[in-house]
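Starting off with a structure, shown below.
Lettered A, B and C in written order, each chain numbered from 1.
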Amino acid sequence: MSDSGRTSETILRVEDLVVKFGLRGQVLTALRGVSLDLREGESLAIVGESGAGKSVFTKCFLGMLDANGWVDSGSIMFEGQDLAKFTTEKEWLRIRGKKIAMVFQDPMTSLNPLRTVGSQISEVLGLHEGLRGDDAKSRTYEILDQVGINDPEMRYRQYPHEFSGGMRQRVVIAIAVACNPKILICDEPTTALDVTIQAQILDLVKRLQEQLGLTIIYITHDLGVVANVADTVAVMYAGDVVEYGSAEEVFYDPRHPYTWALLSSLPQLGIKGQPLYSIRGTPPSLFADIKGDAFAPRNPNALAIDLMERPPYYKVTPTHYARTWLLDPRATPIEPPEAIKAMRAKYKRDAQ
Amino acid sequence: MGSSRQDKFQQLSDGFLALSEEEAERVSSYSDELFRPAEFDTEAAEKAGYSNYSYWGSTLRLFLSNKVSVFLLVFLAALLVFTFVQPYLPNQLHPNTIYQDPETGIHYRNVKPNAKFWFGTNNIGQDLWSRIWSGTRTSLFIGLCVALVTNVVGITLGSIWGYARKWDKLFTEIYNLFDNIPYTVLRMLITFIMRPSLFTMIFVMCLTGWIRMAKYIRNQILIYRDREYNLASRCLGTPALRIVVKNIMPQLVSVIMLQTALCIPDAIGSEVFLTYIGLGLPVSIPSLGNLINEGRLVMLVPAQRYQLFFPVIVVSIITVSFYALGNAFADASDPRNHRR
Amino acid sequence: MTNGAREVLLDVKDLRVEFKIRGRHPFVAVKDVSFEVYKGETFGLVGETGSGKTTIGRAIIRINETADGVIRFRGEKINGEIPKERDRMVTQKIQMIFQDPMASLNERAKVDYIVSEGLYNTKNYKDEADRVAKVEKALLEVGLLPEFASRFPHEFSGGQRQRIGVARALIMEPEFIIADEPISSLDVSIRAQVLNLMSSLQKDKGLTYMFISHDLSVVRFIADRVAVIHRGEIVELAETEELFKYPLHPYTRSLLSAIPTPDPRVEREKRVMVYDPRSHDYSQDKPRFVEIRKGHFVMGNTAELTQYEAMM
């Protein structure tokens, strides 16, 4: 995608990535040609429902696709190397934890219950930075402090089950940032946490981003989280990025019918007593080839061409793109749902 | 290109991204008709997302994909069929008859395998070939009876133990009681009291065997008991028995099959052991345990080692086959493996 | 039983639920909880994990045992030891929708059996043809096709499975449905479907809901009255808009400050209040659950109550 309107450098460039899985004798295409640029220092949020391919996408950056999955075509350029072409564990070990790190959803299963928290952080320091013994320990105390865990000396010796959910997630984040990676991927980092803890964890990540100059990718289905943390948003549906833009552009001026549907169906934008805008049906099966726009069968406003050919990316602004035929000048103008129109009106008013 | 089309193309290509020139040209040549709203099919929207996964289908497919298991299954099935068909084949000798040379009257003792006695004879002159198959029949019979009884009793009592909270304590005490008594001592004691016989052997093995199955089932039931779908059934008023049978048991098919498959070689092994310590079946009933025991006695004489080899080979084949098949089936029927 | 103009369907008084832990003191999950649910309303119960909200729901439907207190349904006591007749009445009139559609259906049974399970138990059908008709009707009411009855749960998506769970509850013709986090495990785009379904069913059948959730935005949208629960105690109870406009208890206020909004500018400016339970001094002045304004209850001791009154 063109990067006119952006000033910082692209540190990760994905082009036309196709990922497939072998499942019960059939082939499932989880990613159908995804292209994305990640700028240094930005926070990108990838939104979509389950099965859209968000987790699969980021797992490709770490070589963590399940055993029955493979990269069929496309490239992932990072630091001059194509991650999609990696075949050996050795190649990935230079990237994982060191250059690209990941924080998972459930802190309880991300931590080894049989080892102290401190040793798990020190292990990473030993692996990637060669720190041992007291050097590793003191650096670990620093890191524990950085993530907001008080009394690091005592906490170092404790086991994961002695921590609360939010604290555990801090530990997981500590392990992830211990070696100062360039990119941090957070896969639903707060879904398992209560709302008040969620806010604290997101604040922590933002703070670390500033301190350490991280580039962060958030994967989430929670649009509230996206609104809080994201600079740019990529909306994924059925293995494809259907809309991409800055957070304000995507929330206040969404263009793809799926984004419309997603936003308008939120209870926060609903009017009590009236039915919420809801999307009929379920996402398409990825076993079969998808003809046309993947969202078309569920879209009451689909155009004839939506059912025939997959739309290209249309440009709304130099930083905002959507994969929909609705943006073609020939398209019949379609009204977005009420909630979207209200959002647009609200922000036009505020701007004035 | 005409000027208005060129303008259109220009307009479009400013708005397009990542399209090659031919693609851009193609797209800009589409008629306006295509950009009108299409008919919306509500039912089609609902039908999406159908998966045709079948549990038994996947189980079968996984099982059949393991060539070794299929081979073993066929082989074991053939072996079992042969075991029971053997007496009806022509020219079979009788297991308990002592054969003697019709002319000299000398018993055919310790004859090595030849055309008449395919597996040779033992030291009193009985035909080993027929004895082995007779012994296998007996041992399998014991194994099957024990498997059946321990399954029925073990599953029933294990279910009550696991599901009904108030019985848990009692059962656990009984289990601890049984568990602390060495099985061997118990079996020896009971065999001694009841006198060695086929029934005694089966009884003794069932007595100590049901406990293991019961505990296993109880542990599994504890895992599934408080899952949401079982809570839902309770809210709907479903009686405990139906919850156990219809909700939980189907999930345990895989583990029950495994336990059953392992039970049979275990029974045979126990029988061999009990025979070794002198509490086996009476010598008049050929069994694999008896045969192995007899063979053991002449083990040191190289010329007579065949008397040990043949029964040992049969026991080994049966044991390995049941273990391997049991595990293969358990793996195949575990839904977590069905992804592949 | 009526309270003013509204009929009270469910009345909970001083409810206490404990869980026994071997060798230690029992864990008190719910203590001194009292509230009423009126016929035809949607009563929201909001709290974070471990607050006891699910426990309350399960105590009402008799999955959990109560240690103390009384739960009355239409005036009759339904907790503790009750006659079989009344137990059967509870089974029919009070139903539950569970959180996880992947775990709340019997994977090895057909949808037909799953939806009819309650009917088999109460024998509430004339003959086989009647039963099949009831199943069809229930499936259609939740927006599923009758042909789905011969399929297995794994053939359906999360949203469809949740609707099967609703059909299963509806076929019993209940009066009161406890929905325990019914949409938390669903995809964002499916949640609206299920919420709309629940609303329309309520209008058509005059159902009363208890909607348990940790998500305040959803509760704001769907509930008429909301109770906020923290560590086993209800700290505040009021009509929805009243609660959102005039939150009194510091815990309520902290929850409200943390609600995620899908609006970048609002989120950027958000300041989350952290609730510290130690900020209450209950050593001398004990807290009570008091109706500070009509319909608005809050937990506080005398000093705090005076404060709250001044805030309003």
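Here is the rule we use: a residue touches a chain if its C-beta (ideal position, glycine included) is under 8 Å from a C-beta of that chain, and two chains touch if they have at least 3 such contacts.
What you see is a predicted model, and the numbers here were worked out from it, not measured in a lab.
Visitor: How is the touch graph of the chains shaped: line, ring, star, complete or other?
Guide: complete
Visitor: Hey, which pair has more contacts between C-betas, B-C or A-C?
Guide: A-C
Visitor: Between chain B and chain C, tell me the centre distance in angstrom, where each centre is the average of that chain's C-alpha atoms.
Guide: Each chain reduced to its C-alpha mean, chain B and chain C end up 45 Å apart.
Visitor: I'd like the Å distance between the centres of chain A and chain C, where a centre is the mean of that chain's Cα atoms.
Guide: Roughly 32 Å separates the two chain centres.
Visitor: Quick check: what residues of chain A touch more than one other chain, meaning two or more?
Guide: Only 280, 282 qualify.
Visitor: What are the residue numbers in chain B that touch two or more other chains?
Guide: Residues 46, 49-51, 53 of chain B touch two or more partner chains.
Visitor: Quick one: which residues in chain C touch 2 or more of the other chains?
Guide: 157, 160
Visitor: Name, in rising order, each residue of chain B that touches chain C in their complex.
Guide: Touching chain C from chain B are residues 43, 46, 49-53, 55, 227-229, 231-239, 246-247, 250-251, 335.
Visitor: Along chain A, where are the residues that touch chain B in the complex?
Guide: 1-2, 22-25, 35, 68, 280-285, 296-308, 312-315, 321, 325, 327-332, 334
Visitor: Hey, which residues of chain B end up touching chain A in the complex?
Guide: Contact set of chain B toward chain A: 8, 11-12, 14-19, 23, 27, 30, 32-38, 40-42, 44-51, 53, 58, 61, 338-340.
Visitor: With touch defined as at the start, can you tell me which chain A residues reach chain C in the complex?
Guide: My answer: residues 49-50, 165, 194-196, 198-200, 203, 221-228, 230, 247-248, 251-252, 261-263, 265-270, 272, 275-280, 282, 343, 347, 350.
Visitor: Enumerate the contact residues on chain C facing chain A in the complex.
Guide: 48-49, 157-160, 187-193, 195-196, 199-200, 214-218, 220-222, 254-255, 258-268, 270, 272, 274-275
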